[in-house]
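As written, the chains take the letters A, B, C and D, and residue 1 is the first residue of each chain.
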């Protein structure tokens, strides 16, 4: 267990925020799949910084260079490796974090783990920037899934108490999901997005930050994907989702809401829809016994507020063993939830293509 | 990905509810560790059915037979395998589920996945009974961790709206956790347990069932366990936790609560406690960047209501492709949350010992 | 890396020679495959001791008990676990080996590895007896492969300078391979077997032992199995083959013989046989670039002489740090090559079914 | 199983011969290890083409660019990724091989496996060029092992019947091994190298090629590395070694020679050398039960002759399904054995550091 994820697909995520680059290797993709580079780039753009007035001003173009695995934009069966250059490297901004760890960040744990040898610049290997590499892998999987009739989309469910309308877990469909891809702040209701933007602006002015939650849906899935016990769709998805730095929780279907339901409410009755077996409700979120039922697969993740805030915070000097304070300099993204949306779609795409190929 | 979990420790979980037996193989445990069989048995008893008036009357003794890996109750470095015999096998009760899948169960997905060849009796490989094997693995890990100063305990946080007092994430300690081990219905407040018992009794009389949530804490952990990206403690724990059939959600630290906090609230300030670096609050749940901080590791899981209920439910006949109804016969556990508590402790123990040996 | 082998199929081998039992768990086998128990037992019998006058007198019946994974002898999709009871356990014969390690055995390395906690009785987890578990896994795979038109057979190529006629690497066929299954001492030429038996008898009378080599062939294979680099058929087979304790070398096709050939001799010309692409010679042993060509897959393994011999040998007392001598008591198998033959077939079967399912 | 190797260390090898680049990611290396870039480059140079008059004239500089994992040439705990640019790409030389597969090459199997989508240029992902990436990983491991007192060296044992003096398996030492690093054609006896050079020149003039064998030794190893069954040193090493395209066989210690020995000859007597347990002979090649004894670890690999030869060969046209001939154009390396030597050292280094960290 590490920066490698291994299942039917194998993925290596590498890089540090201020190293020469970041990237990924993805192995196990069938040969002969065309990758539409423009669409991939459009997908990556949704994660890239700089789309909002409040975004971190670091303007990485996030254009992956494919080192191998493709011939004329078609997969050739060999592992696919892409790197993304870091153009803003070796900043001095981060020198102090080696000694005074930022609350809520991995500065302290990396220090303990790597005995002071960690790359502290920009959060090193722990930076959210690494999710650009995850999105390259996921973006490739998304295109392949789409050709197989599977559509994935996610929206911001809440930011700071502003809630979007949740997906209808039974009738959510591909057009709804696709429409979200076009939005800067993907919400089902535009009104919700407006309120969220307002709230983010207000909190940002105070030098603070916000968390939120994301709901993701997958439609067009066949029944029968996934395996029991440790090979379930929940295990696969969550083992990837917690690779997105800010994720602190995940739930499938009704999730934590199921804790307060009765069996008669929570059980989803089966019925025949023509020749297809379906359920009338979808508390199970499209997964029973770890295996897809063919109903929309639905999950939600919790995103913690960006830990880098301008407000002065209490910390310690590791070298002196004394209390110290710090205020994170530079403009930081006051809310990374919108940028996390494609990362969650990427996670879902990888897990589902993985299970599909594993069948 | 399957019924094998592989990391620094390797685990295979095997068996079906009505096969000759179930069991587990655990590889990677250091040689020379004494396993106290009485304590292990006491741990397994917490998961076993039959402790409550409402429990399923299936009275499996759940006494593991160790096939190998131990010499005079001491680990010898070889893989440890234990089997638990199923004494109530090949029941005819389940014949109908092969054709009329129970809502909320894996009957339907297993049918699709295995093309009708699945073992339908008692839920087969998808049965909650398999968690007895997981608890054997976890119980071994718990004893080894305890010798290294790590204590794990969990309580029922909610059942049907009856809420127990949550752990204090900063000051929760080993004595508190150990005291929970002794309780049939492990809650911090005895009053909460009383209410839960009452509610379970009421719902059971109606032929219905209840879900709930469990909070687990780990104390005495060193800082520095776990790895970035896919090797984080959250990834390890969740990839195991979703192996417990009824788990539908997991969150670490403040979890979904973090979604509505501001950074200044959520960030946990560091301070020096003598020579130790600690945090004043513990929204991070003892994990930053996937790696332990040394603060209590806290997580919660959602447990869905037992799907097997006496009330008549709508389903379909798979052979006829027509609607049909079913009422699950036999007395079923109206709430498996109490029995899931040691399973969650087992999951935590495996993930933590795994990370500790991986360091 | 351990006693678990993980690929598309997952295998756990467990047990010690004098523990209550040994066994295996095999996961990833498709559901709906019938396992003919009589044929499996016949396969295991080929490995079992006691077939020869010189065999170790330990008469284990080696009858696996299937704990799970089968319903009416048909795979149900769940992991398959079988255990074999050890009937001759906790012997005192081996007590001295804890202190005076047998030359050529794992006594010493196990002592260092497990710090004196290893199970020394009968070689513990290092015993050749563990290959009975491997043969259960392999025997299952063999039956499934046969239904897919793939036949595997092996013969003793040499014992003590007595050489059998090697397979014709181009024309070796299923009937030839199957005929070997029936023979106690599987050789192509019966004359060779006679000489080998004579030589084994002679050496046994002297209290000594013999090594040998085994050649294995797989016919009926489709082209395209296996993967490049670390996923090649050679990697898969060898990573399993060295799990058979006495194996000290492996070669594919012309193998070490290729070292002294020229390219023009070693390259196998392609030709069309009807619509099929074939090669006129088969120096490549059915594998190019790690991937099967469809020609017979051929490999050979070297088996070292049984290290347990009656002759007095020089060793040391680990407790005293002084020279000491030992003579291994009891009758030991003077040549385990015949019993290793089905083990090698098992290895081939697992690797090939693994690659076939991985396609 | 694929182009990823996963154990305690994780390695991904990526690239195709004529893609923009090749490279590797190596995860699990401890933080704080200095990598001497000059020494690494010197190691890679031993594998690079162009050192001999007969070498392929493709003059790749093979200078890895480190994308991440190092800070000031020191490991920071994050995965290490290096890429090597291909400067001679998209040649038209290889167009015909897509249709007329070269005997002895992976052209045909890649065609079947990837259904015509494989990258045929320069052998694609199957090219020996990929071993440059393996050598980057191995070169890093070698430096780390050396700081821990472990030295690895290999020599050409045979080329075309010209045999070098084998290592003395008991007394081979670090200075001997290091002296081999300096030699273009690493042999123990310079006379042997002279004869080999002569023979290679002669065969090259005929448009043909030569195979050979390599012997590798590891000294300074502690006892106790490796695991039983599938985690043995033989399994680890061989699962990597067959990742070097031309390797067709591997043997440990006396290897295939053991097949004709008696137990009394093959067993290596233990004795005390001061406080250390040693063996008087070393037929076991430093490994018993998969675990190191502390004696020199010795293994040999067979290298097949370069399949690309100028002589006209028989093949088929895959599109026409008819016989056809081909003569591989361009000057090809008539003997890649010298360049394979550092690859085999790399394989040993990875496997040993892996086992060492796994302890």
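Just so it is clear, a contact is a pair of C-beta atoms (placed from the backbone, for glycine too) under 8 Å apart; a residue touches a chain by one contact, two chains touch by 3 or more.
Since the model is a prediction, treat every value here as computed from it, not as a measurement.
Comparing the chain pairs B-C and A-B, the larger number of C-beta pairs in contact belongs to A-B.
The chain with its Cα centre farthest from the Cα centre of chain A is C. Remark: chain B and chain C have CA centroids separated by 39 Å (rounded to whole angstrom).
Annotation: 26 Å between the Cα-based centres of chain A and chain B. For chain A, residues touching at least two other chains, in rising order: 2-4, 13, 78, 110, 113, 125, 228. Within the complex, the chain B residues that touch chain C are 2-4, 6, 10, 12-16, 19-23, 25, 27-28, 31-32, 65-71, 74-81, 83, 110, 113-119, 124-125.
Taken in their complex, chain A has these residues touching chain B: 1-5, 7-8, 13, 101-106, 108-110, 112-113, 125-126, 130, 158-161, 203, 208-213, 223-224, 226-232, 234-236, 238-240, 242-243, 245, 247-272, 275, 277, 279-280, 283-285, 288-293, 302-309, 311, 313-316, 318, 321-323, 354, 358.
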